[in-house]
C-alpha cells in the first residue's frame, strides 16, 4: 500500500469513524443540527472545553477559521497572525474576502507569535484611517509543527484582552499538540483565555468535519446566520456528529494523534545520523521539517509524496498521520540514504 | 422506525453510497481533487453532460449555487430568479454576500420563470446606475416540485444568450426531474444551452456532496480559486468522488429518485378522495404541496414532521425521499384522516 | 440659458453656497473633520434634529444611504424597501455589495411603504436559512415626489422597533418635503422615531455633500471606520461644512426647496387643462410624473431634457430645482401643447 | 494666518480652482459625467497620457486607489505593495473590503519597491490555495516623499507584465514628482508601461476630486458600474471637470507642486546645520522626514501642526503645500531651534 508524507489529509478515514457513521445511519432525523446526535456532541464539547463553550460544525478548516474570525470582527478590523499562518498563506484570501478585514502578517522564526512581536502591530487604535486590530490568531500546533505552552497562550490572550481584542486559535492540529504533551484541550484553550477555536478532525482520521468552538457565550448570538451565509451549514449534520462521537468519546483523537506524532519522532530519530539532512524545527507534533540537498530532492519526490516548503533553501515538509506506518518510514529513510550515497 | 416528510435531507445515506466510501478508503491519495477517484468522476460527468462539461465538487447546495453564480458574474451584475428560488429565500443572503450581485425576484404561480416574466426585468442595460442583468437562475425541479420541459429551458437559455447573459440551473433535485420524465440530464441541461448547473446528491441518498457543472470551458478558468476562496474545497475529495461513482455508475440516482417520486405520487393519490385537502401544485417530482384545514395542522405536526410553507393559508409541504416507505405514508394518511373526522 | 427637467442635479451651485466655500477658504485647518467648521455644522444638525443626533458627511447620496444601512446591519440581515427605492433601483447594487445584506423589494403604487405592506415580509425571524429583517428603508420625499405624514413615519418606526429593527429614511429630498408642508425636520425625523437619515444637499443647490444623521448615540460607535472603509471620508471636510453652514443657518434649504416645489406645482397647474396628459402622482414636492402620448415624447425630448420613467406606458418625470424658472416651464408647456396639436 | 505642516490637505483651494468652479456654474448640464466639461477634461487627460488613456473621476484618493485595484483584479488575486503604502496602511482596509483581494506588504527602506523585493512574493501561481499575485502597486511620490525614476518604473512594469500582472501607481502626489524632476506624466506613466494610475488633485490645490486613469482600453469595459457600485460617482461631475480644466490647462498643477517642493527643499536646507535633527529620507518632493529629539517634540507640536510618523524613534513628517510660505517655515525653524537650546 502506497504511503504519502505529503499531508495528514492524504490518509483516509479511521475505521471507527466510518463505523460510527454507519451506526448513526439508521433513521430519519431533522437536518441542519436539530438532531439528537449533534446535540450529544454539543455536550461532549462542553465536557472538553467547559460549560461556556459552544460548538458549531463546519465543513473544512478554512471554513472553521473564517467563521471564527467573522464571529470576532467587523469589516474595519485587523487580524494579526504569523506570516506562516494557514489563514494568511493557504486560504486564497478567504478570510479577507468573507470578513472584509485586513490581515497583518508577522514574521517569525518558528511560526509562533509572542507578545513582543504582536505589540509592534498594536497601534493606530482610534485612528479612523487604520484598520483596528481586533484579533490575534495563532495556530496550535503551528504550521511548522511547533507548540505553544499554555503559559505562552495565556500571555497572548492577556495581551489581546488588554486591548479589547480576541485570541483565536487555529487548532486544526490541536489534537496533535495535546497528544504530544498530555496537556488537555481545556488547559490549552479554556484556561488560557482563548476566545474562539477552530478544532480539527479531518487531518486526524475523520472523513470531514471541523468544529468552531466559541468560548464566550456572547459571541454566539448571530453565529447560525454567519455560518449559513458562509455556506458552511451541513444538512445531514448528524454525520459530522457521528464522527465526533467516535472521535471524542473513546479518545480516538488521542490514539490517532499519538501515533502520528510518534511516527514523526521516529522519522526524526532515523535522520539524526544523516549529516546531509538538517531538521529545521523541533519535532513537537506530527511534522518533520528538514533542509535536504537539492540534488536528491527531485529523485526522492519520484518515489515519495511530500512538499517542498521553501524552494530557495530546499526545505521540505514530511507529515505523518494516524495511518503512517513504521515500515513506510523505514523505506523512505532507506531510499533517502541511497540517494545520498 | 420514525419517518419524516420534513425534507428529503432528513433521510440518511443509501447503503451503496456508504459501501463505496468504504471501498475507496484503502490508500493514501493526494488531497484537494488530485486523486484518481475524483478524476474518474470527472469522466463520468462528461459522459452525462458531454465533453465540454467540467465538474467541481462543493460541500452543499448553497455552496454549489453560490459558486456557479460567482463563476458567471461580476459584482455589478444582477441575477433574475423566481421569488420562491432557494437562492433568493433560503440561503441567508449568501449569494448577495459572496457575489456582491443584486438578486431580482420574480413572482410566479408555480416556481417557474418564463421568457415573458423575465423580459420585464431585462432593462437598464448600459445604464451605469443599474445593476446589469447577467444571469437567469431557475430550479429544476422547482421548490414546488414542478418541472420545466426541455423546450421551456431552451427558451430561457436563448433569451439569456440573446442579452449576453447566462442561464443557471439549481439542480439540487435534477435527479427527481429526470427520473420522473425519463428525460436525460443531457437533454435537460446540455442540449438546452444551460451554462452552469448545481447538481445535487445529498437530498437523494448521498452523505454529502454537490457538484458544480460548468457547461462552457471558458467559465472554468478561475474556478479553482473561486471555490477555495468560497471555503468549498474539500481536502479528502475522494470521498465525494466515491459517492458519485456509486451514484452515477449504476444509476443509483435514478433508482433513488424514482422511489421518492413514486412515494409522492402515491401520497397524492391517497389524498384524492379527501375533500378538505387541496393539492396546490402538480406532483411532478418528490414533493406534495397542499392546503389543509388549519385546525388539524398542529395536531398532525405532533405526530409527523413536515413544514408549513405558507402560514396565511395553511399550505404545507410533504417531501418524500429514497427511504420513504409506503407504510409511513399509509400511517400518515390514516392519521390525517382521523384528525379530519 | 438652457434649462433641464431631467434631474434636480442638473442644476448648478447656489451662489450663497459658493460664497460660503470661498469664505471658508482662508486658512490651514486640520483635515478629515477635525476642523472648526465641521464642528460648527455638527452643532447646527443638533439644533435641527435634537441633541441625540450625530452628523457625518458623505460624498454623495449613494454613499450616505450605504453608510446608514451599514451602520444598522450585519451582513446576514435583510433590508425592506419599496421596489422603486433609490437604494433598490439606482445604486448599481452598492447596498448589497457593501453591506452584504439582502434587499427585499415591496411593490407599491406611490413609492410609499405602509405597515401592512411591510408586515408581509416580517417573517423567518430566528430561522437560520433566512436573511433576518433588520431595516425598513423609506424615502421622504419618495422617488415619485409623494410624501409621508409624520404619523405614517411614526407607524413604520413603531413597527420596526417592535421587531427589534430600525427605520432608515433616504432624505435626499427631505428639504422638499419640509418646505412643502411646513413640517420641520425634527417633526419628520426625530419625533417619529427614525433611527438613521440620509440628508441631502446636492440636489438642492449644494456643490456636493450629503449627510448621514444617526439619531441614536449607540449607532455611532464604529461609524468613523465604516465611513473610511467605504471610501466616503473627505479630506477637506471644511468645504462640505461651509456649504451646510450656508444651507442650514440662513435656511437656504427652505428657500431653494420651496422654489423647486412651486415650480413643480406651477407646471402641474399648467397641465390641468391638457386632456392628453395625465399626472400620475400627486405633486407634493418638486417632481411631476405624467403619462403623455408616446408619439410626442421623442419630439419633446429633442427640445427638452427629461427622463422616460416607464417606457411601456410612456410615463415621464419632470424635475424642478432651485434654479428652474417660470419662463422655462412656460416654454416647455408651450412646446408640449404645440406637439399635441 | 496659521500654517500647518500636518498634511498637504490642510491647505485650502487655490483661487484659480475656485474661479473655474464659479465660471462653470452657469447652466443646466447633464449629471454623472455626460456634460461637456467632463468631456473636455477627458481630452485633456488624453493629451497628458496619450490616446489610449481613459479618465474617470473619483471623490478621494482612497476611492481612486480602490477603483483602480478593482478594475485590475478578481477577488482571488493578491496585490503586492510596500508596507508603507497608503493602500496598505491608511485606508482602513478599504482595498481588501471592496476588492476582496489579499494585500501583500513588502518591507522597504524608502517606500520604493524593486524587482528584487517583488520577486520574492511572486510565487504560488496556479496553486489553488494561494491568492494569485495580480497587481504590483507603487506610489509616486512615495509616502516618504522619495521618487522612482522612469527606468525603475519600467522595470516594475516589465516584471508585472512578464507574470501577466498589472502595475498600478498611486499618484496622489504625481504632480510633485513631475514638478520636481521635469519628467512629464507621460514619461513616468505611459511610456513606462503603467496600467492604471490614481491621479491626485486635492492635495495640490483642488477642492476635491481625484482621477482614475486607465492606460489600457480593455480595462475600461465595466468601469462605470464598478465606480457606481463603489459609491464614487459624482452627480455634478462638471465641478470636478472645472477644477481639472484649471489644473491641467494652465499647468496650475506644476506651479502649485513646484512651490510645495521648493518649500520642502528650503526647510531641509534650513535644518542642515542643526545637528540634533536628522533628515531620514532624501527630500525629493514636498515632504521632509526627520528624527528629532523626543524631548522637544511635544513642545513643538503645541505651536505647529505635524505628524509623528514613528513614535519609537521620534521620526516626524513635515509636509509642504502650494500655500506654505517661507515665513511660516522660518518661524517653524526658529521655534524648533529655540527648543533645542
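Letters A, B, C and D mark the chains in the order given here, with residues in each chain numbered from 1 onward.
Quick note on the criterion: a residue touches a chain if its C-beta (ideal position, glycine included) is under 8 Å from a C-beta of that chain, and two chains touch if they have at least 3 such contacts.
Everything numeric in this text was worked out from a predicted model, so none of it was measured.
Undergrad: So if I look at the partners of chain C and the partners of chain D, which chains show up in both lists?
TA: A chain counts here if it touches both chain C and chain D, which gives A, B.
Undergrad: A-B versus A-C: which has more C-beta pairs touching?
TA: A-B
Undergrad: Please report how many Å separate the Cα centroid of chain A from that of chain D, as a whole number.
TA: 41
Undergrad: With centres defined as the mean C-alpha position, give me the chain A-chain C separation in Å.
TA: Comparing mean C-alpha positions, chain C is 50 Å from chain A.
Undergrad: Quick check: how many Å separate the C-alpha centres of chain A and chain B?
TA: Here the centre of chain B sits 33 Å away from the centre of chain A.
Undergrad: Where does chain A touch two or more other chains at once, residue-wise?
TA: 75-76, 91-93, 97, 100, 128-129, 131, 225, 228-229, 233
Undergrad: In their complex, what parts of chain C are in touch with chain B?
TA: Residues 75-78, 89-93, 96-97, 100-103, 105, 128-131.
Undergrad: Taking the complex as given, what residues does chain B use to touch chain A?
TA: Listed in rising order, the residues of chain B that touch chain A are 1-4, 6-7, 9-13, 18, 21-22, 24-31, 59-63, 66, 91-94, 97-98, 202-203, 207-208, 225, 228-236, 238-239, 305, 323.
Undergrad: Considering only the defined contacts, which chain A positions touch chain C in the complex?
TA: The touching residues are 32, 74-76, 100, 128-129, 131-132, 222, 224-229, 233.
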